[in-house]
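Below is the structure I would like to discuss, written out as structure tokens.
Chain IDs A, B, C and D follow the sequence of writing; residue 1 opens each chain.
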């Protein structure tokens, strides 16, 4: 029983971070209709920002959220504006050119970071890195609990932003029906730019929160991109609530799978759920929750 | 558009010129080819090895090179990928016409490149790639300085026999060539020692959360936790073991990540008491490892960064190759191969002699060591005759530590 | 008439190549090039012509490679037998996959292929007892000389390109393109879209699998991360297709040549040109430049990808008219 | 036995009935009009006939054979062709290639398909744009391409979905001529049309639906006078 509870807690906490990664992706995928295969790489860049701030200026990782998120927002804006949007106009046989562009961007980001920081593994060790507290016999990592809290806060904030503000509504409108949004007078081009920025800032937040408990190196982007799109498909494109469900589900499924099937099955569990959802619940949890 | 056009022409000329220039180079110094991952995810170690090669090269050339000629190293980047590594070795052999190739970090690259050397009949002195079967195929032109992955736990084995007589063990390993083969080897060792393996499980490198794995480990409550992990997985494992309050009698790392300074930096106090197998430390006796300490100090002084056993392997490889070049009858690959086969020397990485045993051919056999983190420093603790400190055993419970 | 001759001239040059250039290194690069022609053409069939973009070509490549490798490893027969079953093994993977996943459209299908790729990679890693996991499979290449491999690869490349050409000028080809252009319209024209998508996938899987078993035979070593690599196989296949020209017969050939050449050029610092310049001029700045270039070669490669997609979204063959106009100022009569 | 008939077709999307019990019969060789206000379920009916939607209940019978469970391409092979209200040209193929693709539903070799396509193009009067890319055709051309393509599948029964919408007066006359020509050639036609004077001119009989249900059926004159039809189109105020 202890094992089970411990795993539930671990999966749930991890799921909080996944949710944050997933929200960024789901917004981008929903609004743009494309898969962003540079999502994890953008997160990696944010982690390096946090790492630099910590090791050269002694900034606490949680404080560096205030730098990493705006910085990545700008990076996202630039990418969308100058690299992705121009492709919409281009006459191409495959609409997937934008997706490939994100692959290229991912490569460039990874290599730029590698160029600057080498392939070394870097870690940020803080006073709370290994700190834990126990409830009964269940151990909680402080850093993950805090990360979970911040992730939930951002998610809730994002949710209300999308529902209550004009900009948020425009984003949701674009995500649901681009053509209709254009007819309603939404400047979709501007919306895509802002959305990409927001999505990137959110994944930057996730990355920053991950820094104290994880480590950074240039190649860590790929696996997180994969997780991000699994979460997005689980939750349904463009759905914030779906992304939260998707994130937590993936976190729990990975942990349970890793415990009861074996750690090496961790990734396969995620992928299997992904394929099952694609086939049997196209549209993801959004179909069930309708939010 | 004029600029584009000029640019294109420029690139064309550049490319053509680059084809031509390869052919034109007078062969005054003796060229030695080196394949290493200079870019890509393994570049960190590729870089350490490159620097070590260059250090050794300068020392050798400063002493007059071989037979009055200097040695020149031709580095090729294998990017850590087997097909690229193979292209690189082929280029070294057929375009640069080197009489001998050395280097080889990744096991996969080595496995793909070794048959090329064998078939083109140019000797390949592998310094790192540890996959067992590379020297089990009877490749006449392939030599390896590094012990094979399956031999890494030798010292651990004798420590377990002599000091830490544990009854149960858990083996955790990353799902890589190195992880799979050395965990298998250690499992065999456990059988031999009568240690019951309660659990043996792999994971893919780069996991965020090892709690699922470790929770299962905790439930099994083993005496020994043996981990084959790369540096930051290693640090996460040990940190999360602490978080979950797992208390075996000893934690042992199977080389790779556990001996690197980054491990200690990232794991902090949790690194204390952790044992690890290793092939080399700077503090080994000068009798068998001449120049080990000097190499270590020079490297740090010169590059202002740390080196470890990979660097020592590269450094030694350069000396082994130079030694063979000194003894060879001529600089044809065949003669260099024969000279290499007769190698019997002592290097900073230990005695080097290419022997055949079991299924292996032309494989160097070296003792391994057990080290332990004590007060933030890596101390050699086994075998006894080379120990710098006494092994701290058993490991105190997390709650009993400062 | 002249245009018709180009492929023949190219074929003659390729057939004569190993007789003229005996350098192993160039022969090796050419074999890689020919292998990528096969993979690129296969990808082009399913993605370029049929519009079902696959992000998981490595799934088929790896299946073919492992079919050959496992056969050699377990049954101790020559891995050349794998050439006979490599393509079929990839088909065996592709068939059920397509059967289930072709109800997905567009990006969702692409994601499913990506998942297939990843599942197979993890699967072969975990199934150690059968696949040797990350220890990989090692065989002794049959031939010392590269020439036999070269001609086998050339044969495969020629047959695959020719079969693309034949296919797209016949009923299935028209049907593939119709499906790409509008699946609903295609259905209304009596096209069994599911069947023809399967057919196209079968073609792609078969040739990619064949290329995989050739790789096993030629390289003599595979492991799951090499042959199921998302970046080095799946994405590379897409780049070969995109750079050369999606939905063109010779696009993948051009793309394969450029990608292999550029990759090697960046890796070797323009075939050693900069190192050579640095040595002859003795200039520190050139040396530094050479250093930066070799260290940043993947970066250069990535930038090139971004640039090509931005400037030539239809690839070199696809945008040939545009290139002619802009660069050579030749205006094709409108 | 009726040549073609639909029997109490019902289609629910979610909880909403798009079509709720439509039945009609079409005789061989006639032009049968299907009218109704926007959203009344005309196109959904077409989609069920041509196999894009499976009916929730009801039957579609063509020459005595039930076809509502068949896939779209099979229905095409049986001899029912269709056009789309929102045109679906195969954009990056030439007009000729569009039609060749369609012709392959009847023949297997390139030469035969080409010949069949040429015939269809000439018949429908698109020869002058034969080699133009489909996506660069103007709307009238695209509408006509839809018909040409459908004709190349050699249908016995042709479903035309608003082929006249968006055409100028000259083009309208041409379209009407073409439709008549197709009928005279022996093809039965079911046509959805919004432009009243077109449908009134060419239809032999008309079937009117509203809210997914039949409201009237008869000759054009009868239907035009029908109270329910007038109400459906103009609202109760005008009735």
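The rule is short, and it goes like this: contacts are C-beta pairs under 8 Å (C-beta built on N, C-alpha and C of every residue); 3 or more make two chains touch, one makes a residue touch a chain.
If you're wondering where the values come from, they're calculated on a predicted model, not measured in any experiment.
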Assembly fragments, chain C aside and the remaining chains unmoved: A, B | D
Pair exhibiting more inter-chain C-beta contacts, C-D or A-B: A-B
Chain nearest the overall Cα centroid: C
Chain located farthest away, centre of chain C as origin (C-alpha): D
Gap in Å, rounded to a whole number, between the CA centres of chain D and chain B: 73
Length of the line joining the C-alpha centres of chain C and chain D, rounded to whole Å: 44
Rounded Å distance, chain A centre to chain B centre (Cα mean): 36
For chain A paired with chain D, centre-to-centre distance based on mean C-alpha positions, whole Å: 47
Residues of chain A engaged with two or more neighbouring chains: 93, 114, 264, 267
Multi-chain contact sites of chain C, meaning residues that touch two or more partners: 122, 125-126, 295-296, 298
Chain D residues counted as touching two or more neighbouring chains: 92
Those chain pairs that satisfy the touch definition: A-B, A-C, B-C, C-D
Residue numbers on chain B that touch chain A, as the complex places them: 39-44, 47, 172, 175, 201-204, 206-213, 215-216, 218-219, 231-232, 235-236, 239-240, 242-245, 262, 265-266, 268, 270
Partner chain C, residues of chain D touching it in the complex: 50-52, 71-74, 76-77, 81-82, 84, 88-93, 97, 100-102, 104-105, 108-110, 113, 149-150, 153
Interface residues, chain B side, partner chain C - complex: 1, 4-5, 8, 14-15, 17-19, 21-22, 25, 38-40, 76-77, 79, 81-84, 86-87, 90-91, 93-95, 107-108, 111-112, 115, 119-120, 131, 133-134, 137, 175-177, 179-181, 202, 204
In the complex, chain A residues that touch chain C: 33-35, 83, 86-87, 90-97, 99-101, 103-105, 107-108, 110-112, 114-115, 222, 226, 229, 233, 264-265, 267-268, 271-272, 274-275, 278-279, 282
Footprint of chain B on chain A - complex, ascending: 2-3, 6-7, 10-11, 14, 17, 114, 118-121, 123, 125, 129-130, 132, 139, 141, 210, 213-215, 217-220, 223, 254-259, 262-264, 266-267
